[in-house]
Structure formats: structure tokens, C-alpha cells
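Quick heads-up: structures coming right below.
The following pair of complexes shares a single chain, subunit A, combined with subunit B in the former and subunit C in the latter.
== the complex of A and B ==
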């Protein structure tokens, strides 16, 4: 007995001795964010395509040009001083700003720009298509992206594409400029320094990436050689905190400054806390249902139409997503050139039943829906399951992990897929390309956009989208996209439901965090606390 | 063994040791091979496309096809396995698709986090669990026994995820006795030169006691939680082993001889109960070393459990296989260790009878 008591006393003593006050506010010059950062698979701009990595690149690298996140039509030069579209529309030349430098201290030259763009095309990683869609490929890129004189880069194309399309594509992370000298010091076996850069840094943005510990943290530091105004924060740290409840506790205790992935319930609690505040920003991501046209029921136009009347859009936005989405029913997100903001559909079971009768299935039918097992997607799916049942459609939800449902979707083996799609760049073509183009509907097609995944064969609409890509006049181009979306809204096998609103919760003292339409626009260079 | 056969006896003893060693190596090798085969097959059977983890959802078909070939997925399964096996033989465990680093480096980074947590947890579980079990056995059927049983039952049945969040809410948010999720405060993050990756050990070796305190205040809550779960198991097992021993005749003999009761319990009986207990503790420890994905998620602990789960969900086979090998080695190693301890604790085993 004596022994166990002594042990107990010793344990208690150890607790009190070591675990006395441990509270510490975050350091004044350090911004600490909690986010799920396990989607990062690379830090090389030629490969970056994930939300978190895009945001990190957006704050540590620079492109030739950028746009104002508050008004995306305002495009301005970052590394480029000015640019000029050739009279035939087949090329754009960029004049490089003099006197700017990378974090390494190396000057930013036209040579670095040519290197970065050709490197991205030759490495041919996932985002390379954003550049190669202009007729570039690893074989011809040395002739298509060239330096002229000391400070000019000429970007040539195979067709006279709409200039804004080209410019917006160059604002994507794949167009970011890397430090040629530094990268090539680490080249091995002709890999353009890829093996090194995927976990290292060679940029010129306001922050430099110091360290990426996978599934643990990303540490960024003020870039002492940054050519713009020095950021107020000396360090920005992302901590990998996958669990929303844990993020909330850390935020309430002041151990982090910003919580990035709180669920709707946790956001309610944050709203009630006077020490914390919420910042919202509309994002380009679209939530939708994809109805596979290989399914005999879903391929009937009236069934597709009926399903659009069987979602209680507003109720889901208000009660399940609680401000993290707004109702939006066209494939171009609000804020894009030519975005259609009409929402013609609302829950209308009677109308849906009429349509089902018209389609010859008055008593409904059974389908499955592949559903990612995240709380929010599951919540939306269950709400839809209920309203579908009101019209006699029995919808079985098949829960799965993200990669698992995606694998099935990409193989066109689903009935219905509930998905979220974010644009790759700020131009309307990015979503038109995937929702409204399907050049080849055969199983072994070389291009597999969302329209293909749902086996929707649309030669006419594909032509319309191709034409819009080449229209130089912005007003005419916007009109073309509006027309495509109106037809798409009525006939497509996509039940487009919501546009995402990114909601972050932060301590009251954090100011100046900018939430832009895409993740590489999220900016903390001006954050103070 | 008689005196006349001493010389030959030494030879045959040597032979026996050698034969034992060969058998051991063969068993270990076969265990690992089996583990790898099963893991490899599971990894290929799961309905997740490993190419997607590499290229993401947006890649063009040409990029997809190229990566498919790069990963060797066009080859038959046995050939893929053979290629992997050959590389492992040369110490090349490959790269993770997800973290873009060598598996060896990844494991070297995540395993110490789990090792440290598991070690503190098993210490807590053993130091509290064994006396509690002994106590319960001595007070069999009385209040103390019931109390230990209830405590153990809660430890068995409460979901660790819920208990973890509750623990954070109480001890971190309300009482502020301990630090929050994570292994160390940001402020101390770079105060330490990582040597072993075990932060408690590193900070102690470098005489950084303030850092040690901070690390301790981070680890104590998740370790206590995991320790509680092993304690529940260890105390139940200790109780039943002790009941068994206390009913033996030698205990009665000792009592008759007038040996003090505490000596009978803590020296005579516990010493005998310790032999099977070693296996119980070793198995608990091995379980903890696999990494507890839920605890690691709640406490944002960058350990093996999170790493392996994430790898598995993304079909990152190199990482999964590498992690499996580590866990396999732990089980084999701890088994050997408990065999060794057996022979130390049990003279019968030591003398090979």
C-alpha cells in the first residue's frame, strides 16, 4: 500500500512541477494559422495545384502579372513592367521591371522568366496544361517563349486567343517565376532542379519558405530582399491541425491567430465569442451533382430537369453550410467575366413529379450517389436524399474517402457524384473547358473533362466554348459565355448548387488578411496584429 | 549434463545457439516477407488510384499516362512486387508520392514523435496500472476492486477521440494546467538542435530545461490519455495474474513463516506474476508504437499513425510498406525483448528447461 501511495504522490508531484503555467500568446511578429495542410504534395510552382500549396506560393513567389483580388478586371504588372499584344494576336511581349531581385539576392531577369515558363512546360506536371493549351509543348517551347533584347520576353501562341485568357493563365501558380541561377545549382540528371525545388524555395515574394515538414508545419519568413514593401510579420507559420474542434480550442486560447477549417457549428461558437472575428470571401469553387449519362434514367432530359427541382438549395445553404456557400446555379462563379447569376431552380416537388411522369418514370427509380465522407458533403447529400425521396427517387449514398470516390468518378463508374470544382485560373474558359466541353466522348478519349466523366456528348456546345476562347472583345465574349450557361443550366446533367464562401476565424487583433477569389490570392503580406 | 561430456556439451550448446539464431533469422525474414506481400496486395486491391495522389484531379490524360508508367503500374503485380523487394534489399525504400521525400527520412521524422508519446504513455500505464491491479487483487470483491474495475471499464469503452477533446477542454482550455495540441510551442521550436527527434531527450541532453518543461506540458495530456487506456488493460491483467499467484501454496507457506504481508504481495507474488505481465506490457507498448491515429489527429501530433493513415488513403504504397516494415520490426523486436526478459525473470526459462 505504502508503495502505491508513494508512486501516486510522485506522479502528482511530477504533474504540478512540470505543468505549471504554460500559457503563451503567439509572438507579436509571428502569424500562426491552423489548417489541414496534408494536401501539399510539392512546393515547386511547376507542380503546385493544391489549395494550401497555392496559397503558400502566392505569398512567396511572383508571376509576371497579377490582378486586384477585389476587382479581378484590374490586371497589373508584378515582375513585368508592361505588356503588349501583337497586332495579329499571336503573341504577347512582356517588358521586365528593372532592379528587382529574388530572395537569394540574384536579380530577376528576362532569362529567369523564359526559364520558368519553358521549365514548367518541359517538366509537364499536372498544371502544365494551363500553358500548353496555347499550343506549347516540350518540343516547341524553346521557340514559343523567347527572350528579345535585354529585358523583353515574348510569349507566342498557335492561335489568337483572347488576351485576357492568356494573361489570367499567366497569373496562375504554374506561371510563377523561379530563380534560374539558384535552381540550376541544384539540377541533377536534367531535371531542371525539380528534385530540389519540390521541397525548397527559389522565389521573390514577400515571404520566403523556410521549411515544409509534411503533415506538420510550413514555416515562412519575411524575405529580406523583397522588392516591395516589407511585410509586418517576420514569420508566418501554418500548423497542420486537421481537426476543427482542436483548431477552435487553440484559437480561443490564443495559441493560434487564424483558424482556417472550422465547421459550420464551430463558426457559430466563434461568432458568439467577443475575442474572435470572422472573415469571409467568396471563392470560385462550385458545388454540383454530376449525373452520369450512362445511367438509363439519368440520361432522360426530363429526369435531369426534375432533379434540379429536387434540391432545397436555400435550406442547405442556411442550415447545413451556415454561410459557407451561397446559392449559385451556373458553372461560372460570380465574379468571373460573363458569370450568370440567375438561380431559376428551387425545391418544387410537384413540378419534379410532372417532369418524371413526362419522362415515363412517374413512380421514380433508384440510383446511387458517391459521397465523400466529410461532414459537410455528407450533410448536403443527406438533405438531397430526403427531397429526392419526396418525388419517389430512392437515392442510396455510397460514402467513401476522397481519393476513392474520385477514382470511381474518373472512371465514369458512378450514377451520381456530389462534387466540388474550383477554377484553375481567373478566366471563364477554365470552367467552360470542363463543364461545357467534351471533344471526344469515347472511353479512351485523350481529354477527360467533367462533361466526359458524366458521359455528356455535346459537339455543338464544345464548338461554342472553343469560339468563346478566341473572342478578343471582352463584352462579346461575356455574352457568349452567358449564352452557353443559359443552355447549360437547362439541359446539362449538372445540378449546380452553390458557390463556396471561404470563412476564416481569427483573433480580434489580426488585421489585413486578404481573402481572394482563388487560393493563391489569399494574401497575408499586409497582416498586422 | 554429466562431467564426462563437458567438451562435447559445449560444442552442442554452441550448435544449439547457432541453430536457434538461424531459426530466428529465418522466422523474422519470413514474417517480414509475409507482411510485405499482404500489405502490397491490400494496397493494390483498395479502390484508390495511386496515380491520382501524384497528379491530382486536374492533370491531362497525357500526364496521367506518363505517371502511370513511371510508377510501373502497367507491369503485372508480381513483377511490381519483385522490383520493390529488390530495391528494399539494397536499402532503397523509395520516395513518398505525397511528401516527395525518401521514406527513410519521413519515418525518421514521424517515428520519434510516436516513440516519445508511446514511451511516456506506457510508463504511465505501467507505473499506475500494475499497483492498481495488485491492489484490486488484494482487496478482491471489495470497494477498491470495484473502483479499479469501473475505472478500467471506462478506459476500455470510452472513445479516445471524445476523451481527448474532453481532456483538452478541461485541462488545456479551462484549467490551463497543460499546453495545447502539438509537440512544442512555436517560441521554442528552433531553440533545440534535433538529435534523436525525441524532444524530451534532446532538451534534457542539451540542458534546455525550459524547453523540456514546455515539451513535457505538451506530451503529458495525450500520453496520460493513451497511458490510461493501457493502464486499464494492464491493471485488469495484473489483477488476474495476482489472484492466481496469491492462491498458490507458497503464499500460504510464507504467511505461516510470518513473512510480512507487504513482502508476500510485492516481492513473492508480484515477482511470479511479472513473467506473464512482461508480455502484456510489451504488447501494449507495441500497440502504442503503431501510432494512434485518432489521438494524433486530436492532439495534432505528427506521428506514425497520421502518416500511415494519410498514406493509405492516398494509396501512397511506398510509404505504407515502409511504415508496415517499421511496425513489423517493432513487434518482432519487442517479442525478442520480452523473451529475453522472460529468461531473466524466470529461472526455469533461463536454464532451458
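== the complex of A and C ==
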């Protein structure tokens, strides 16, 4: 076997050397994507919190409800047929669609839904807070999420939260429904099948996960028992190819169908190639600078404002990050309820100098910025470093890998942190919760949102965000968020710069790929080629 | 003196003073060296590097860390306007960055030589001169350092100390002394029992005095040759650390880091990574040629 493989490899190598380049082609019923899949740590919906794994779950599992990726306000039932909010707003009951089944052939019942939600709360992994924020915890969840009758699930809460907030939270991967019978067959030591599901599959989506080889590939297959229209592709394969340049070469040769992580320069080359096309979709991720209020200079309000005038937003969006971001300066991304789309700041060195003089530091000062060593973040950071220098602010970059910079940031030992924040679900509360809420600013606080990480003490704004969370009327709620964002723009220690645009390059024959606002909305069930 | 030209005075068969003898010897060495044109090319490159590093501010037309207009001045190919070698992804002039980067390169080379050579000489001569358990202990420590591939050990040190050009220098210095120690020990072993050393010992000279005054000078020439030949390796290691993101940090114009940054654009904007690569190539070649030439003239064993 080994010999024949070596021989095969040698033959292939010989052919590549001696024959003219022939365009390879992927099989007609297989979609091959190149992406960096090294962020996957688990395939269990109760634990998935990473970009790649979210997308895989979004195409292989289903939640109670979903929304239209083109217009997130249109919520529809997936596993649920209908839902009803109780008169007091303290619970929502979901009626399950009859006659649908999991990939294993087991029917989807109310029991599976109750099991999935209670399981996620009891396992208490990173994304569990999306459910537990409604007053659920491992002790009371058996009373809070209950089955009523044969086909109804009741989701109870401790306060009358805005219904859209609850519904959007249930569209997150943590609310996806798993096959109780199959999972419990693999239970070991009361872990609800957690060890097994980490690398296996028990869902009902259009595709089934067949295999995940870490840092190599994820293979998905058409789910024969899927209740909706059968996808045209029999197989979807993710190949782990982190380098954009390699992805581009493979795409040009036809070895892959979709390249997922090309840089701005590579996208320019793809645009010029008649065999390839580009598909874009705005994502909810926000690029921002976090200014630690423990730093004596950065804690001055005028300095914070000055720094907002020292980033050349438009030039960065037009060059280094061309096509990958749009300028956006409020914490709610465009497309969210109540998103503020005013961009009041632009590079204005003279104005910044006035503000610095007002703050008592006319000659500038020195700070450090923790920078993740990815090419894009480093590029943005260096461009900011240059414009800051024009106003006398000496900014030293401290590069590190994601883990290093994030650990330092979470312990709030940084001066400035350049970060990217992705919303956890489609409700405005997800970002308000982290950018505009800081219930306890002490060093040993239990909840540590971004406002805490930057030591920004905001009792008033926290109250406003809490009130918006409970407002049932959508128009009123949107107005409340607009008000918070306007104040946030003027006072916060966050220099919010860009909203991400996800760009995929693909071969001309690939159609029907949908880029949604969050990664679990990226959909390839309708792809044809 | 009047009848004698300076050349004749230097080449005199009967020097009248120790100074004249020494200068004469140096002049003869220089004459041999000068006749090797490859070595002269090497010397020229190294001198050019030093001059460029000293006058970087005058030579470089642009600021090495602050770029031009992102919209209009990114990725200009070589020979566009007054950008001799083009510009990079942040609209910075590559020529200016390479010129300023020469300072970092020279600093790395000089500091590593200044730190590693004395350590190697001290360990080697002490070990060879005293022998016995001192020799065993010191040489086993040297063995331990030699057992690691150099770049890997440097990587480990930088990972422990934190990234940065200073730490890269320390890491490279720590990893480059063992060969010098070996060399110095070997030289010491051949001369420690010679008559003039014994004579000095009989006159009551202390071990330190013998080591410093009699042994070290004799080891020096072979160590200098080795250090010069190693400089190319030192430059490559520093560039390697920079390439891996563990050496100089952005926006410092270190050549290895510049290649790492330019690698992403290699297909369409080849010059961003190629230019600093050529700079590293030329300077490494220069040090190698110089080292070769020095060996020809300084190494008594190689002389015909």
C-alpha cells in the first residue's frame, strides 16, 4: 500500500514536471472550499463558538427557528411550526413540526428539543451564557424548559425579555437540536454524550458531518433523511489551507471551488480573472481599538476623543482592507435592530492636536498596543501607528499570537488592544451587553465584558442597556439603542472603525452560495455547479 | 628616514624597533590580502554596509517607518518616480527601509561578535590551559549547547525572553559561542606546553597573566577568522528570527521581517520581498568573502 502510494506520488510529480499545466477539475457533485479550519475545537453544538465550526453546524444542524439571511427581521420556524409568547412575557411555547426526522432516521420530537436546550445549559460550555442569561442555570433548567403535551416545548424566563431577543438567541448554534436517542447511546459517565459528539454528528440539517481531521479537512455528505429539498451537492469538503496565496493558486488551477480567506491584493487579482467571481456579504464583526482606562493618558476624555480623529478610516478601508471592511463607527453593526450608521470621525490631525492640548498633553505621549500577528491586523495597526505619530503619540506595537494578546486583554493589562468582535446572535443586546454594560468594574468581577476589560465604569449606561433588553416594542427599543450608541460614540474608550465584509472567491460555475450576517448563516445547501 | 620611502621602511628586513616590526608585519599581511581580489570585494561590501549604516539618514530619501499616501503610493514597482526599489503595502519606500535596516543588521553582527567572542575565548582558553576536571566540566557544557540546532535554540531563548531585536541578539550570542570555545581550546592545547609558556610560568607569572598575555593573542587570529565566517550565519539567523516574527518587531525595517511581510504579495508584487532578500544575500556574501580572505592571510597553518 505504502509502495503503491509512493509510486503514485512519484508519477504525479513526474507528470506535473513534464506535462504542460492542465487545469484540474473538482468532481461535479462535490464542493471543495479552502479555509483556515484550525479554530475548530469541537463539533458539539453545545460547545461550538468558533467561526468555522459555526458554519459547519449551520449547514448540518437545525434550530427551533431561523431567519432570512437577507433580512434578519423575518423569523420563521425550522423545527418549530409556530410559537407563542405568553401574555406576561415570561415564557414562549413552541409547537414542533410533525413528521420530520434526524439524519439517523429518528423522528424529531419535543423531547429532543427539551433535551438539547437543557443539555447545553447543563454542560455549561462557552456559549451557554446565550441561554443562561434568561435566568436559566443547571439546577433550574429542568423546570424552565419543559415539554407540554405531545408536541409543545415551553421556554420559561426570569423576566419578560424582549421576545425578539429570546428568539434570536435560540437561532444561535447553542440552541441547535441534537438527536437525543443517538447521543444518549454514546453517553459515558453522565456527560450527555459530550465526548462522542465532539467529533461526531447527530443533527437534521441538509448535510451530515462525516469526518473532521484536525488541521486537514472536514468532509460533509448530503443528508438522505433531510426533510427539506435535497441539496445538489453530494459532498462538501473543507480543506485547511491557511495561506491566501496558496488558496488563490489552487482556485486559479481549479483544484478548489471556493477560496474563503483571500487578502485584499489577492482579491484584486481574482477580480481580473474571467474564470473567477467574487461574492460578498456584510458580516456582523466589528474592528475596534480598546483604550484601557487604567492608563493615565487614555483615561482622559479628550485624549479618547483625539484618538478617534487619528485613524484614517477611509484610506485603510480603501487600501489595506479593500473590499473586506466598510467604515462603521457604532457598536451595533449595520443590519441590526437600532444600528447607528453615522460615521462622525475622520482623520483630522489638527482637531486631534487641539483635543490633546485641552487634555494637557500637547506634545503627545507613549503607549503600547497589543496586536495580533495576523497580516491584516498588523497592517491596520501600522497604518494607525503612522497617523498617531502625526499628532505626537508614539505607539509601540506588541505583537503576539491570538492567545497571548487575548489573555493579556482579558486580564486588562494592556494599554490599547486592537480587536475584532463578532456578535453572538442577531439581537442588538449581544453587542450592547459587551460594549455598553459593565455591572461591576472591580478586578474580581464575575462578568467581564469588553467595557470591563477596558476598565470603563458606566453605571448609567449599564442601566440604559438593561432597560433596552426588556423593552417589548421594537420601534421604541431601536430608539433606545440609537441613544446609547450616540452617547457611546462621544464618550467611550472604544475607537470603533470597521464592519467586516466577508468575501469569498469562487469559480464561475458555482452558484447559490449564500453569505449570511453571521457564520452559521453561511449556507451552501443550494449550491449548484 | 629621508632616503627611505615609507614602503621601504615598512618592508625593512631589519626593523629598528618593535613598532616597526609590527607595522611591517601588518603591511605584509595587507599586501597578501590585497592580492586576493575576491577578498577585496568582500571587504568593499562590508565597508559599504558600515558607511550606509552610518549615513543612513543622509542616504535614505524617505522615512523608513512612515509611509506615503495609502491610496496612491502603495505597491509602486521599482524605479517609479524616485522610489528606486518601489514601495511596500503601507506605501513605505523600500530603498529607505533597506538603508535603515542596515543599521539593525550591523548592530546584530557587531553585538553578537562582541558578546560571543570573549565568552568563547575565555571558556576555551581556560579549559585548554587547566585541563582536568575544569576542562571536562566546561567542555560538557559546550557540548550541551552544540547539541542543539542553532536556530531552534535561539527560537527557544526568544520565546522565553519575549520577541524583540535585543532579545534576538542575546539569543544568537548565547548560541554562537561554543564553536569559538572549541577552537580556542584546540589552539591552547597545542601551545600550553611549549617552551615560552613554561618559561613564563617559571618566571612566576600567574595563570591569568599567561592566559591573557600569552595564550589568548595566539588563539585570536583563528577565532577572528571563524567569527568573520560566522557573520553570514548570524545575519541569516537574525533574519530568520525576524521572518518568524520573533526578531525585530514592526515597524522596524529589519530585512528578515520585511521578507516575511512581503511574502504575501510575492505573486503580484514580487519586489516587496525580493529587495530585502537581495540585501541579505549581498551582505552575507560579503562577510563570507572577507572571512575567506582573512583566513588565507591570518591562518599560519594554511600559509604555503
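FYI, the second predicted complex is superposed on the first by the 505 of 529 C-alpha atoms of A that agree within 3 Å, B and C clash if a C-alpha of one lies under 4 Å from a C-alpha of the other, contacts with A are read in each partner's own complex, and residues count from 1 in each chain.
Just so it is clear, a residue touches a chain if its C-beta (ideal position, glycine included) is under 8 Å from a C-beta of that chain, and two chains touch if they have at least 3 such contacts.
For clarity, every value in this text was computed on a predicted model and none was experimentally measured.
Student: Quick check for you: in the superposed arrangement, does A:124 touch first (subunit B), second (subunit C), both or neither?
Tutor: After superposing on A, A:124 lies in contact with subunit B but is clear of subunit C.
Student: Is A:152 contacted by the first partner subunit B, the second partner subunit C, both or neither?
Tutor: It touches nothing on subunit B or subunit C.
Student: Under the stated touch criterion, which partner chain does A:198 make contact with: subunit B (first), subunit C (second), both, or neither?
Tutor: First partner only, subunit B.
Student: Between subunit B (first) and subunit C (second), which, if any, makes contact with A:320: first, second, both or neither?
Tutor: After superposition on chain A, A:320 lies in contact with subunit C alone.
Student: Regarding the shared-chain residue A:245, is it in contact with subunit B (first), subunit C (second), both, or neither?
Tutor: Touch partners of A:245: subunit B and subunit C.
Student: Check the contacts made with subunit A and report whether subunit B or subunit C touches more of its residues.
Tutor: B
Student: Which residues of subunit A are in contact with subunit B in one complex and with subunit C in the other?
Tutor: Touching subunit B in the first complex and subunit C in the second, residues 245, 249 of subunit A appear in both lists.
Student: Tell me, which parts of subunit C touch subunit A in their complex?
Tutor: Residues of subunit C touching subunit A: 65-67, 69-71, 74-75, 89-90, 163, 245, 249-251, 261, 263-269.
Student: What does subunit A use to touch subunit B in their complex?
Tutor: 1-4, 7-8, 11, 15, 18-19, 21-24, 26-27, 30, 32, 34, 38, 41-42, 49-50, 124-129, 132, 198-199, 213-216, 237, 239-243, 245-246, 249-250, 252-253, 255, 401-404, 406-408, 410, 424, 445-448
Student: Quick one: which bits of subunit B touch subunit A in the complex? Just the residue numbers, please.
Tutor: 46-49, 52-63, 66, 96-101, 106, 109-110, 124, 127-128, 131-132, 134-135, 165, 168-169, 172-173, 176-182, 185-187, 213-214, 216-217, 220, 262, 266, 297-300, 302, 306-307, 310, 313-315
Student: In the complex formed with subunit C, which residues of subunit A make contact?
Tutor: Contact set of subunit A toward subunit C: 244-245, 248-249, 263, 265, 268-269, 312, 315-316, 318-320, 373, 375, 378-379, 381-383, 385-386, 389, 397-399.
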